Every structure is written in C-alpha cells, then in structure tokens.
Amino acid sequence: MKNKIVIMLAILLVVSGLTACKTDKQPGPLKLVATTTMLADLAENMGKGRLEVTGLMGPGVDPHLYKAGAGDVDLLQHADIVLINGLDLEGKMGDVLESLKKNGRKVISLEDGLDSSRLLRDEENRDIFDPHVWFDVSLWQDAARYVCGRLCELDKDGENIYREQLDLYITELEELDDYIKIRVAELPEDMRVLVTAHDAFQYFGHAYGFEVKGLQGISTTTEAGTGDMIELADFIAERRIQAIFIETSIPPRNVEALQAAVNSRGFDVKIGGELYSDSLGDAQSGHDSYIATFRANIDTIVESLKSEG
Amino acid sequence: MKGLLSLLGDYTFRVVSLGAVLMGLISGLIGSFSVLERRSLLGDAVSHAALPGVVLIFLLTGSKSTEALMFGATLSGLTATFMILGIIRFSRIKFDSALALIMSTFFGFGLVLLTYAQKQPNAAQAGLDRFIFGQASAMLNSDLYIMLIAGSVLLALTLMFWKEIKLFIFDREYAHTLRFSPRKMDILLSAMTVTAIIVGLQTVGVILMSAMLVAPAAAARQWTNRLSVMVVLSSFLGGISGLIGTLISSLTVKIPTGPAIVVVASTFVIISMLFAPGRGIISRRWHRKKAVKTYQKEG
Amino acid sequence: MNCFLDILGNYVFVNSRGLDLNIGGELYSGSLDDTQSSSDSFITTSLNNVDNIGEKNNEIKRKNVLEIEDLTVAYAENPVLWDVDLNIPEGQLVAILGPNGAGKTTLIKSALGLVPRISGRIRFFPSDREKPATDIAYVPQSESVEWDFPATVLDVVLMGRYGHLGWIRRPRSEDYEIARDMLRKVGMMDYSSRQIRQLSGGQQQRVFLARALAQQADLYLMDEPFKGVDARTELAIVDLLRNIQAQGKTVVAVHHDLQTVKEYFNWVVLLNIQVIASGPMRDTFNEENVRLTYRRTEPAKRGGKNR
Amino acid sequence: MSAAFEIQLIAALVAVACALPGVFLVLRRMAMVSDAITHTVLLGIVTGFFLTRNLESPILLVCASLTGVFTVWLTELVYKSKLISEDASICIIFPLLFSIAIILITRYAGNVHLDTDSVLLGELAFAPFDRLYVMGRDIGAKGIYISFALVAINLVFILLFYKELQLATFDANLAAALGFVPGIIHYLLMGLVSLTTVGAFEAVGSILVVAFMIGPPVTAYLMTDNLKKMIVLSAVIGLFNAISGYHLATWKDVSIAGSMAVMTGFTFLIVFLFVPRRGLISVLIRRYRQRYIFAEKTLMFHLWHHEGTPKEEEEALYKTIRLHMHWDKKFAERVVKKLLSDGRVILEGNLLKLSEKGRQESRRDRRELLG
C-alpha cells in the first residue's frame, strides 16, 4: 500500500511541473541568444535597439568547460535567434543548437559563414578547425558581415538599421586593426612571440605576425607534459622573450611553473599579466566589449614584451 | 628531445620529479592502510567530494589561492568521509553503496554551486573546478613545501601509531577490548587518508590520485608478508613510479606527466602479480611445475 | 533460573522448575551503591529460600570474576538476551551452551562492551571495573578476521602485549619473549615467521589463543574455540585450557557440542535468550535443563546443530 | 511539448532506467562499478574517434559501451587472481584506462576538442534542442527516445531474467548449482549497466548517472526487504528525485543534473532519518524506549510468576517491588506508573496484581520472545 501513495505523489508532481511553464510570445525587440561573450558583443553592436541580446556564458567562462544552468533552457526556448560560434568550440552543445535550424528555429553559426580557406586546420586531423576565430580582427569583420547578412534575412524590416550598424562597427573594427598593427610595430621583429597557457591565439599570431606557443592544446582536457614545459622554457630562454601570459580561465600555476623553469635557465622572464582568451572581461574591468578587451590584450602584450631588460 | 644527462640539470624536471616522488611516497605510505582496510575507493570518492568545498570557499572568500581551496577541499572531503562512516554505522548499507551515494551527491552539490558561481558577474570564477585538480607538470616550489610538510606529518603519525594502526586494521574488535577506541582510530586514519588525497590532488588530479593511493600498495603486497616491509616497499614503488613517469613525460613531448605516472604504477602492479615469489601467478605455476618434476623424479 | 549469593557470599544455585521461570534477584541492602571494592564483603540476604533448589546446598567458597546483572540486548524488536543475571566464579572452565540464536556470542561480546546493550550492568572483579582492560582476554572466532593481512604468526601473538604498552610505546624485547613463550605453549613455535593465511583453521585458532595468553589475563572470554578444529588440535586446546585453569585463571568459552562439554568444562551456563541454568557441570548439566534450553529446537541428544 | 516537459520526461525516464539495474549493483555490492564505467567511457570515445575520425558518429557510443564491459572484465580478471581485493582492483583498472585515454588525446588529438563533455551531450538543459527527425518531421527530443529505449531494455531484461538475477544476486553458488551460469547473467547485467550508463551519460551527464543508479536503490533498501518492492520503489524514488531536482534547478537557475543529485542525497537523508523501523530516529527511540518496554514485561512476568504463591505479599509489595527488581527508585516508579496507567497492572491494597489484559500480554510475550 505504501508505495502506491508514493507513485501517486510522483505523478501529481510531474503534472503540476508541466503546467507551470507556458511559452508566451511577446512582441517587441527580437530575442537573440549568443553562446560566447564575443558573439553577444557582436550581436549587440549589430542590432542596436532591434535586438534583445543575452549571452549564455557569462564573462570569464571557458566555453570548453561551460556547465549549463536550468535558466538556459528558457533562454534558448524563447530565443528568436540563436548565434553560435560553431567549429566545435561549444562542443556537443554547438551541434545541438545548430540542429535547431532544421525545424525552422533561426540559427546563425559562424561555421557556415566563414570562408574555410582562411581558417586554420589541425595538422593531423584535416577537417578539424581551430575555433578561436575572434583573435583575427579581419576574420571578425567577415563574421560581422555574415551575421548582419543573416540578420537582414531573418528580420526584413530591420535591414537598414543592421546595414547602418554594420558599417559603423566595421569602421570601428578597422580602427582597432590599425591600432593593433601600430602597437605591434613598436615591437622588434624577433620580440613578437606570444607564450600563453593554452593554444588559443593561433589566429592572432597568424594575423599579426606573432609566433604563438601554448602550453596546452586547444582543449583543456589535455595535460601538458614535463617535456612540453622543458621545451617551452628552453625556447623562451634562447629567444630571450620578455614576458609570458596568464589566461583568465586557466589556473595561473601552469604559467608560474613555466616562469620558474625559465628563471632557472638564468633568464628573468616576467608574467606579463592576464589575457582574455576564451571570453571577454567583466563590467568592473571595463573590458566587457570585444574592442575594449582586444585593446587591453594588445596593450598588455606589447607593454610586457617591449620592456627590454 | 633532450639527452638524459642534461635533463637532470633541468629545473622543471627536478621540481616535477621531486614533487612526483614525494606524492608517490605519501600515497604509497597511506595507500597501504587504505588497501588493507578495503577502503581504496575512498580516494576516488574524496577527490570528487572535494568540489563543493572548493566552490564554497571561493564563494565565501572570493580568493582562488591554493591554500584556501585546499582547505575547502579538505573540509569537504572529511565531511564526506564521516558521513559515509556514519551511514555504515547506523544502517545496513554497505561501504561501497554509501561511497557512491555520498560521492555523487557531493559532486552534484559542487556542480550546483559552480553553475551558481558562473552566473555571478565577476570573471574570477573562471576554470574554478580546474583549480583543485592539478597537473603534474605544473609543479611549483610552494607545492613541494606543502608536500614535504604533509609528508613528514603523515610519516610521523604512522611511526607513532604504528602498532595501533596495524592492530586496528587486522582485528578492530580485539583492539577495542584492549581499550584502543575504534572511533579515535577511525578519525586518525580517515584524516590521514583525506590529507594525503588532497595534497595528491594538486599534483596528479582526481582520477589518478585514487590510482596512486592503491597501485603501489597492491603491488607491494605481493612481495612480502610483513606490514612494515609492505609499507616501505609501497612508498618506494610510489616514489619510483613518480620518478619514471616524470622521466618518460620529460623525454618526449605531449606525454602528460600524471597519466604517465599512473601507467608506470599499474605496470608495477601487473609485474608484481605475475612474478612476485611465492604469491605471483607465474612464480606459483613455476614452483608447481618444479614440484611435479621432483615428485616424478622420486616416484 | 540463576544463582544467588547467599548470606556469606557463597554459592547457592537454583534451577527452574516447571515451565514458568523463577526470576529472582538478590535483595541488596540499602548500601549497595557505596559497596566496598571486593564482592565478597557485601552482605546480601538470599531472597529465595534454599529448599526449592532441590539439591544439596554445597557451601563452596567462591569469588566471582564477572558479574552480569539484568543484561538485556536487542538488535531489532526481539531481544537476543533478556534480563540475564550471571556470575562467573573464579578459576573455573565455564562453557556457554545453547541453541543457535541463543545469544551465546552476544553474551561474550556485550560483556566486553563490543555490543550496545539495552540495559544491565557488567562488573569485572577483583578490579571492580565496568569495562575490560588488559586483564580480560578475548579470543574471537577465526573467521571474524581477514587472514590475508600481511603479518606473521609472531606479529599476531605480539598484539596481545599491546594492551600493556598503551598508546605509542613500542613492544620491547621482553614482550617478544612473552609472545614466543606463548607460541611455544600452543605448540606453534615453528610457524612463528609463517604468513597467517597459510595456516589451517585449527592453527589460526591456536594463534588467537596464544595472543590472548600473551596478555597474561586472569579471565579469558572465548568465542567457539573448537569451531572448525580437527580432533587432534581440539585435545591440544583442551589441555591448554586446563593449564590456564591450573594457574587459577578463569576461562569462559562459547561451546556448541553437547557430547564433549561434560569432559572439557567443569562449569556450564545453559542459555537461551535467558539463563536457563548455570552452575557446576555435575549439578546443572542434566536432561531437564538441556531440554528446557533446547526446547525450541530438536531434542538435545542429537548433539549441537552447528557441529 | 514544451522544453520543460521534455526535460522532465527525459530525466524521469533516465531515472527509472538507471534505478532498475542499480538495485542489483547495490545488492551485489558493485555500486562503484557504475562510477568506474563513467570514467572509462572516455577511452571508448577516444578509440571510437580514432576509428571514425568524426565526433558525431554513433560508433563512439558503441565503443563507449563496450569499454564499460571491458572494464568490468579486466577488473574481474585482476580480482579473480585472489591477490588483490575487489575494491582495489577497481581502483587500479579504471584510472589506468582513463590515463591511457588522456595520453592518447594529448598525443594524437591535442587540438581536437575531444573529451567526454564534447562527445556526449551530458547536459539535460540542451536535451530539448537535440531534436530527432523522421522523414523530415521533428518527433521530439532525441533524449526522450534514447531514455525510453533504455527503460524498455532494462525492463525487458529484468522481467525476462528476474529469477536468474534474483538467484545470482543472493546466492551465486546456488545459482551455479541449479545450472544457471551466473557468469552469463553477470556479464549481461554488466553490459546492461554499461549501456545504460553511456545512454544516461548522453542525456544527463556523468556524475548524475552514479547518483541515479545508486541513490534510489540505496534509499529503497532502507524501506523494504522484498526485491520486487525495492525495484518499484527505486524507480519511483528516482522519478521523484528527477522531477524535484528539475524544479530546484529552475528555481535557483543552477545545473539541472547537479540539483537532481542533490535531491537524491536529500531524499536519502529524509528516509535514512525518518523511515519507520530502520530509520535512525526510530532506531534511537526504540533503543531508548526498549529499556522501559522490557522492564515492563519483566515486571509483569515477575507478578505473574509469584501470583498465588505464599510469598506473593512480600514479592509484589508496591513499595518494595523495586528492590526485588533491583531498579533505582525513579526508574521503578516510571515503569509501575506506566503499567498502572494503561491498565495492565492493578493495585489491590498495597499489592500489585496483573490485570486480565496484562496476563494475556505476558502469555503472548512469553511465547513470542522466549519461545
């Protein structure tokens, strides 16, 4: 008798649970959900006023390790448009969101919009791409153009606003690009070496002529071996690289160990401060927009690498 | 590829191998007791149960310093251990079920806290759950000091309470009649095990810590019938696995140090299971064959 | 049903008559709480008049080494031991007999404080303590331990000395001496460096015995010392018990074999959740008591069930 | 179907699917096997990836399930040698396989975003967006069909082999004697556990699988001894944990899987404390109360025994009864007052006497307790 009551109780609960949440469509600005903070910022700039943009991942969240909350369900459920990075950055979540395209849900994935020839491939596995496209400003401009195009398709009457916003933003991005190039020029050729905790900055190196070395592979599941640490420390000491960088989403101890290794080789390397790798900064730090974050990154990089001992 | 000799001079190799050896010694020492007490799975459970402690400490203090997080992890690990012991004592639930239950509940709670922290505006919480689960190659001098201190305390405790631990693991009820209170012994052994685990987490991470707690001890058990020899051998095997693992991981690129250490330790287990005199499978079969031969000769 | 202290502290035993039980108790004078230390000095008035005992009132002068009073132990709802009053006289070989589930092992374990009890008081004499100390030795069943433990026979026997050493202090050479001595006594000297898993059941039992002897205790509480033991070893163990008794020590052993109990022991406690009868073998181990004890199970004559 | 409904449906189905084999894992003391399998799943995924070089192919899931069985087989191999205990063998095998997986990933797939979270969705929050299309029509979240299949397979397996499972669980050698080869049942069960773990992993994530598989059965184990009831109860408790966990998650906007694990722990705690008979509180109360219950029974025996005997006056005197029972004053008074108040004993003059009701109870006690 006892467990019959328990069964009824459970069913009662299930029913009450279901009725609680209804899906309602309010008019007003289109709701866009972007996975990473970079995409949210991009969408924000595109759809001034026409789009209500929310980012799934908060600042400082590493997309590889993102743990979803229950609130994300409603967010995605009520989203008119979903903007994702693709190229496997968001892992299985990305594939799931992408599959929403099939049943008419409006999804924009950079993976479809970017010209794959410009994307960096993994040496061994040819059809796997490096997803950190936002580190190449020109690529990010293509992304902006693609997103704007898709937005015009999906939201016809907002077209001219989107076009206007796009031009504005592209000019801003061009300014950023020039600023980066000027700053990079301040560095002598052989000083342009960027050493970070994990291998997220290939596009940056590719675009602005930096040699990029990461302690870990792209995915944070991999573990750096002592051999990698030794090899990297030799490299830094030989090339007399002034600074190496910590990332917000990776424990600093990895880079601190690298610094100690280099110091043991008689070359005093500094930790050049924190770079934003897989997400933008937070509001307090003022680097909560793509442009501000990139500026902060490039300033940190150049300032630390420039100061010759 | 670096030559072996130049490797010895290399700072990173020295620090990481020293750390790995220390971790191997500690987990070999304490692991022997866990294995004999049939509580080897405690290592795995405590490593998972540490997560809520870590996130709570971060939420309360906002700091991600190693000491603070390790303190949170130890608290969380100890609470989980005593809950498990409590469940076994006051109900008919067996040790492994209580372990699986507490481990998954604590880890679930940790996940809840993590996603709660993730929603906070500040970016400091990035990669929080990676913080407690260290990487062998990222060994720092400060880690060595922590391990040295923890190691010596654990060694001192083991030497001081050697006969009590031996008696307690072998025959708990008899120990009780000799007025060695089982509750005090349970607390002592659990605290020692949790400390060894949390310290080890810093170097090899969650999964590998439970292996390092068990593999050296299981291997050592095959070679001797004396507890003292087993514990010494187990620490030695732990240390050696740490050294060889680091060596392998240093000689070539892209071999993670933690997993390499575990693979080496597991090979020791397999070797011991096969070849240990008197107890190993191969050696027993060889003896049997020899006995049969001599029997035929005489018969 | 159980035995009483009569006026001058010597022994009067009674067995139950007929089906209903005679639960008497000693009527203590008011001064019970502040009695002097040793048992034979407090004065009791025997409640039960002597005549209903139905046998000669043998005036044996005896001191108790263990007094159990009003002991009730229950795991779930039903009691395993109920209102047990039992006094173990000094210098006797005492057998605890009873059917399966009679609470024999529980009686030993609750005396040693290993099992929580619902009510009742346990007092050891002459030390007049409630909890056992080094002068009380426990010999558990050999299956109660994981024998794959890395220890030699000598290591296990040495454990008997740990009680005297207390916390932290390490065994000294004379402790080793005593341990070897006890090994010699139980005839296991040439196994001293052997790993314990390689021993037979009987040998393991003797190791536990040697361990208890190493404690040099006055009272030995043994849980089925003859279980799973071959005939030859059984006789060896009996000699040992007699040897212990000869030194004036007391042995209490859970036993299951009705055939051999008469030979091996000179005192018997018939137990079936309650103490049916307890006293010298001659007077207590009779057809009627045994029938009463084993009434729930098949007739007594076929020997203990768990041989 | 709204997303919330789909999530709860999937969670409920997975809860039931996990609870069914979980019962046998708990009863056969193999609870930690489920934890071991969730870890070695990574090696299955890695081998699957190297075979197919594509992250989405179902072969990865097949390999993952096979690795589960392989883990159990390997652990068994080590443990059967009798040189190492069972829990130690588990603790050697699964970290070894996990380490091999990490080494393989680092060496050959460092830049591929290859880890358990990237291959197996393992996040309930996204389950409703992972749709299943048949002939172009969206027939609901894929998770529903996976978890439904899991429940079906588990149910069929348990219904089909209930006898054998029961035997193999409670008495392996008896099962062998009766001709059921426990080995087959054992590995079938392990295969099922492994499949359920991988399937559930895809729907709800790794650690929750262990919570779902072990939590409810352990809770049910406290409530009943009967195997059938235990299975039903586990499924129901799992269901409850899933639904309540979901609501906890939406209320605080936290990880759904995490909240369900927390609810599993919470339900266990409640049952652990309050279940009648075996619950901690009832055990403590009973232990405290029993002292008085037995004392009352002993006193009634005492009165019944001395009834009508010449010595009755002396034995049953109200004032001196406590001395006969050698109880302290307070205790004796409380017992006597209780007996008088519920009419089992009556006071005649200054003598205590058994009432008719008291006598019945004493007779029943005598028979029941002392046989």
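Order of writing sets the labels: A, B, C and D. Residues in every chain begin at 1.
The rule we apply is simple: a residue touches a chain if its C-beta (ideal position, glycine included) is under 8 Å from a C-beta of that chain, and two chains touch if they have at least 3 such contacts.
Small disclaimer: the values here were computed from a predicted structure and weren't measured.
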{"item": "B-C or B-D - the one linked by more C-beta pairs in contact", "value": "B-D"}
{"item": "Farthest chain (mean CA position) relative to chain B", "value": "C"}
{"item": "Chain centre separation (chain B, chain D; CA means) in Å", "value": "27"}
{"item": "Mean-CA-position distance for chain D and chain A (Å)", "value": "43"}
{"item": "Intercentroid distance (Cα basis), chain D paired with chain C, Å", "value": "40"}
{"item": "Chain A residues counted as touching two or more neighbouring chains", "value": "65, 67-69, 71, 222-223, 225"}
{"item": "Shared interface positions of chain D, touching two or more other chains", "value": "102, 106, 110, 249, 252-255, 258-259"}
{"item": "Overlap residues in chain C, where contacts from two or more other chains coincide", "value": "none"}
{"item": "Graph class of chain-chain contacts, one of line, ring, star, complete, other", "value": "other"}
{"item": "Listing of all chain pairs that touch each other, if any do", "value": "A-B, A-D, B-C, B-D, C-D"}
{"item": "Contacting residues of chain A [partner chain B, same complex]", "value": "57-62, 65-69, 71, 220, 222-231, 233, 248-251, 253-254, 256-257, 260-261, 263-265, 279, 281-285"}
{"item": "Of all residues in chain C, those that touch chain D in their complex", "value": "20-28, 32, 47, 69-70, 72, 74, 76-79, 82-83, 116, 118-119, 272-274, 295-296"}
{"item": "Residues of chain D touching chain C in the complex", "value": "277, 286-287, 290-291, 294-295, 298, 301-302, 304-305, 323-326, 368-371"}
{"item": "Chain D to chain A touching residues, read off their complex", "value": "2-5, 7-8, 12, 53-56, 102, 105-106, 108-115, 117-123, 125-126, 128-131, 133, 138, 223, 229, 232-233, 236-237, 239-240, 243-244, 246-247, 249-250, 252-256, 258-259"}
{"item": "Chain C-touching residues of chain B, taken from the complex the two chains share", "value": "36, 38, 160-164, 166-167, 169-171, 173-180, 221, 224-227, 229-230"}
